[in-house]
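Listed below are the structures to be examined.
Consider the two complexes below, in which chain A is the common component and chain B and chain C are the respective partners.
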Partner chain A sequence: MNLKKEIRVSTLFVSLVVSVMTILLLPIFLDFDLTSNSLGSTLLTLNKNQTSSANVVTSVVTYFRGFDTLGEVTILFLSIFGIGLGLDGYKDKLNIFAYENELLKIAVDVLFPLIILFGFYIIIHGHLSPGGGFQGGVIIASAFLLMFLAKGDSFELNHKIISLAEALSGAGFILLGVLGLILADRFFGNFLPLGSVSNLFSGGVIPLIYIFVGIKVSAEITALVEYFIRIKDVG
Partner chain B sequence: MLDSFNQTPFLHSVITIGSLLIFAIGLVGALTKKNLFKIFLSFAIIESSLFIYFIGMHFEVGKVAPILTNEVTEFSTNMVDPVPQAMILTTIVIAIAVLALALSFIINYFKLTNNMRVDEMNELGEDR
Partner chain C sequence: MIGLIVLAIFITLIILAVLIIENNDLPHSVILFMGFGLGSVILYFIFSAPDVALTEAVIGTGVSGVVFLVTLLQIRSKEIKR
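What follows is the complex of A and B.
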């Protein structure tokens, strides 16, 4: 293959301009000094007294910035909603990634419950170890992706259960916020006993919020996987 | 000799140069590729460079992750700042949502026009 046909002149020109820009920007970025992490150390101190969660990232995401997480989950929901509107449904569509492999078909029956269990473990231990609702939700969705790959068209999701799980977990998420507003000091405030650090039943309202987020994210990403995998029109 | 590499300013410069390189790769891809799918994958590469930069610049040598374990038993200033990590967690989720929405738009555009190249788009009827 001739190299001159593969690379266009415009590609070379753009690469040159971008590399000059990068080299010019490098001194600015290299001079960048870290600001003092006063916010981080304040949150670390607050976390010791207020949440008794072993993972500070989790308590920042769900407790100190819970309203932000609500907006994030809303954006995820809206984007999946828009995809569902645009791709006009999953009905009468064929699975284009079905994979004829006996090894995969047999192994998926063993692996599917284990991956679901691992996802729930990650969700429930979000306040004790790295992980949480978003990560565990994506792991659960990956189990459904494996089922789609192995079973092909014979595997269909029950959409009533998925919409019900998504709606109930979203409503529960907001209900926790409103309960915090009524019973405690603020939206997503803590109204449950804190427990002692590093126990499974600790952290007050944080594990409940992350369980709702995890169920919601897993339902949404599973629906997303089905939209993109079941895309070929019949006939 | 290895100690001189394990210093915060050195690691910060490595992360800065590396993430700017990934940014440049993604920018070149977004500007030169004609396939819509490849353009949005280049945007995903640019996003990943931003994640690496944010997380990497808030790492300092000798500090540990802000999680209590068997070794780290109490919260102290010896932990890295948890706020950028939480914000990047938010950003990753939003990046996935926006990328999925963009890919669904591309699929719809391809179904309508049978065309995925930006230089052959002519739906508004411009002169070429």
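What follows is the complex of A and C.
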């Protein structure tokens, strides 16, 4: 009778580490405090003085750390570019994800403009409520995804408009940064009147930057979804 | 009280992560991955980060899951055709 079973050393090590970390983290969970902010209060005062944006996260992303957002947008653009190179073109390809359903086909005509409108709402109100350019852009792309799902091959994207929107919004984004460098103190500096807090027309350049980011991200993610959703018909 | 909720969601997420890795059926695993995203959305919202929660809701449970499913379908249709 052999009761010995082989246990790998890595499994043993991982379970040991996880149990020790759980025991160490347990006191943190039990007296969890929602109001522990050390850097947050500093940023709140800075935000109150320099921008008039109601959403502090937005002003950090676009105003205090605008250069990082430029890097993120560049990384997204390069990854979509690489996918486009790898999955060579879109001609002679069939939509494999289409699902023939009458209910979906009728409902998508109502839902498509509503989802686009919701995406633009999220983009434009980025400095007032949670959300912003990136989230709203992906919501707009998800509307196009629904269109691909419902209409199948009868839905074709106009690639000229998509590439034009992508290029123009990217150029406008960098142009805003350069204008901030010339007219204000630094790259992505504010050169527009600030307005009063929690108005739609407030926050200086923040809404403009987020509109450009939103159009760019929506064009890129829509192109990404189309690259993945179409396949060459082998048979 | 809220700490216990957070702890419960954390344990659920760990169980979901183990299920995602150990699952042999890949589409099933993708659906579980989208459930993992949903749990982390609740977690981000409790930790007072609604912006990150919105991003995770759109990217983690929406677009990335669909892209994974589509890629699996592409691989399978090529395998059937051969």
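Of note:
The rule is simple: the second predicted complex is superposed on the first by the 192 of 235 C-alpha atoms of A that agree within 3 Å, B and C clash if a C-alpha of one lies under 4 Å from a C-alpha of the other, contacts with A are read in each partner's own complex, and residues count from 1 in each chain.
Here is the rule we go by: a residue touches a chain if its C-beta (ideal position, glycine included) is under 8 Å from a C-beta of that chain, and two chains touch if they have at least 3 such contacts.
Only a predicted model underlies this, so the values are computations on that prediction, with no experimental measurement involved.
In the superposition on chain A, A:G131 contacts chain C only, with no contact to chain B.
Once the two complexes are laid over each other on the shared chain, residue contacts for A:V57 go to chain B and to chain C alike.
After superposition on the shared chain, chain A has more residues touched by B, the comparison being chain B against chain C.
Within the superposed three-chain model, A:N47 lies in touch with chain B and out of touch with chain C [touch as defined at top]. By the touch criterion stated above, A:I229 is placed in contact with chain C alone, chain B being left untouched. In the superposition on chain A, A:L30 contacts both chain B and chain C. Touch criterion met: A:S198 reaches chain B, while chain C stays clear of it. Of the two partner chains, chain B is the only one touched by A:S79; chain C is not. When the two structures are aligned on the shared chain, A:T69 is found in touch with chain B, with no touch to chain C.
Legend: residue contacts after superposition of the two complexes on their common chain; A:I139 is shown touching chain C, with no touch to chain B. The intersection of chain A residues touching chain B with those touching chain C, taken from the two complexes, comprises 29-30, 32, 34, 55, 57, 130, 134, 224, 228, 231. Of all the residues in chain B, the ones that touch chain A in their complex are 13, 16-17, 20-21, 23-24, 27-28, 31-32, 57-58, 60, 65-68, 74-77, 79-83, 85-86, 89-90, 92-94, 96-98, 100-101, 103-105, 107-108. The touching residues of chain A, when paired with chain B in their complex, are 8, 10-11, 14-15, 18-19, 21-22, 25-26, 29-30, 32, 34, 37, 39-41, 43-45, 47-48, 54-57, 60-61, 65, 68-69, 72, 75-76, 78-80, 82-83, 86-87, 129-130, 134, 197-198, 217, 224, 227-228, 231. Chain C meets chain A in the complex at residues 2-4, 6-7, 10, 48-51, 53-55, 58-59, 62-63, 66-67, 69-71, 73-74, 77-78, 81. Interface residues of chain A, counted against chain C in their complex, comprise 29-32, 34, 55, 57-58, 96-97, 122, 130-132, 134-135, 138-139, 141-142, 145, 221, 224-225, 228-229, 231, 234-235.
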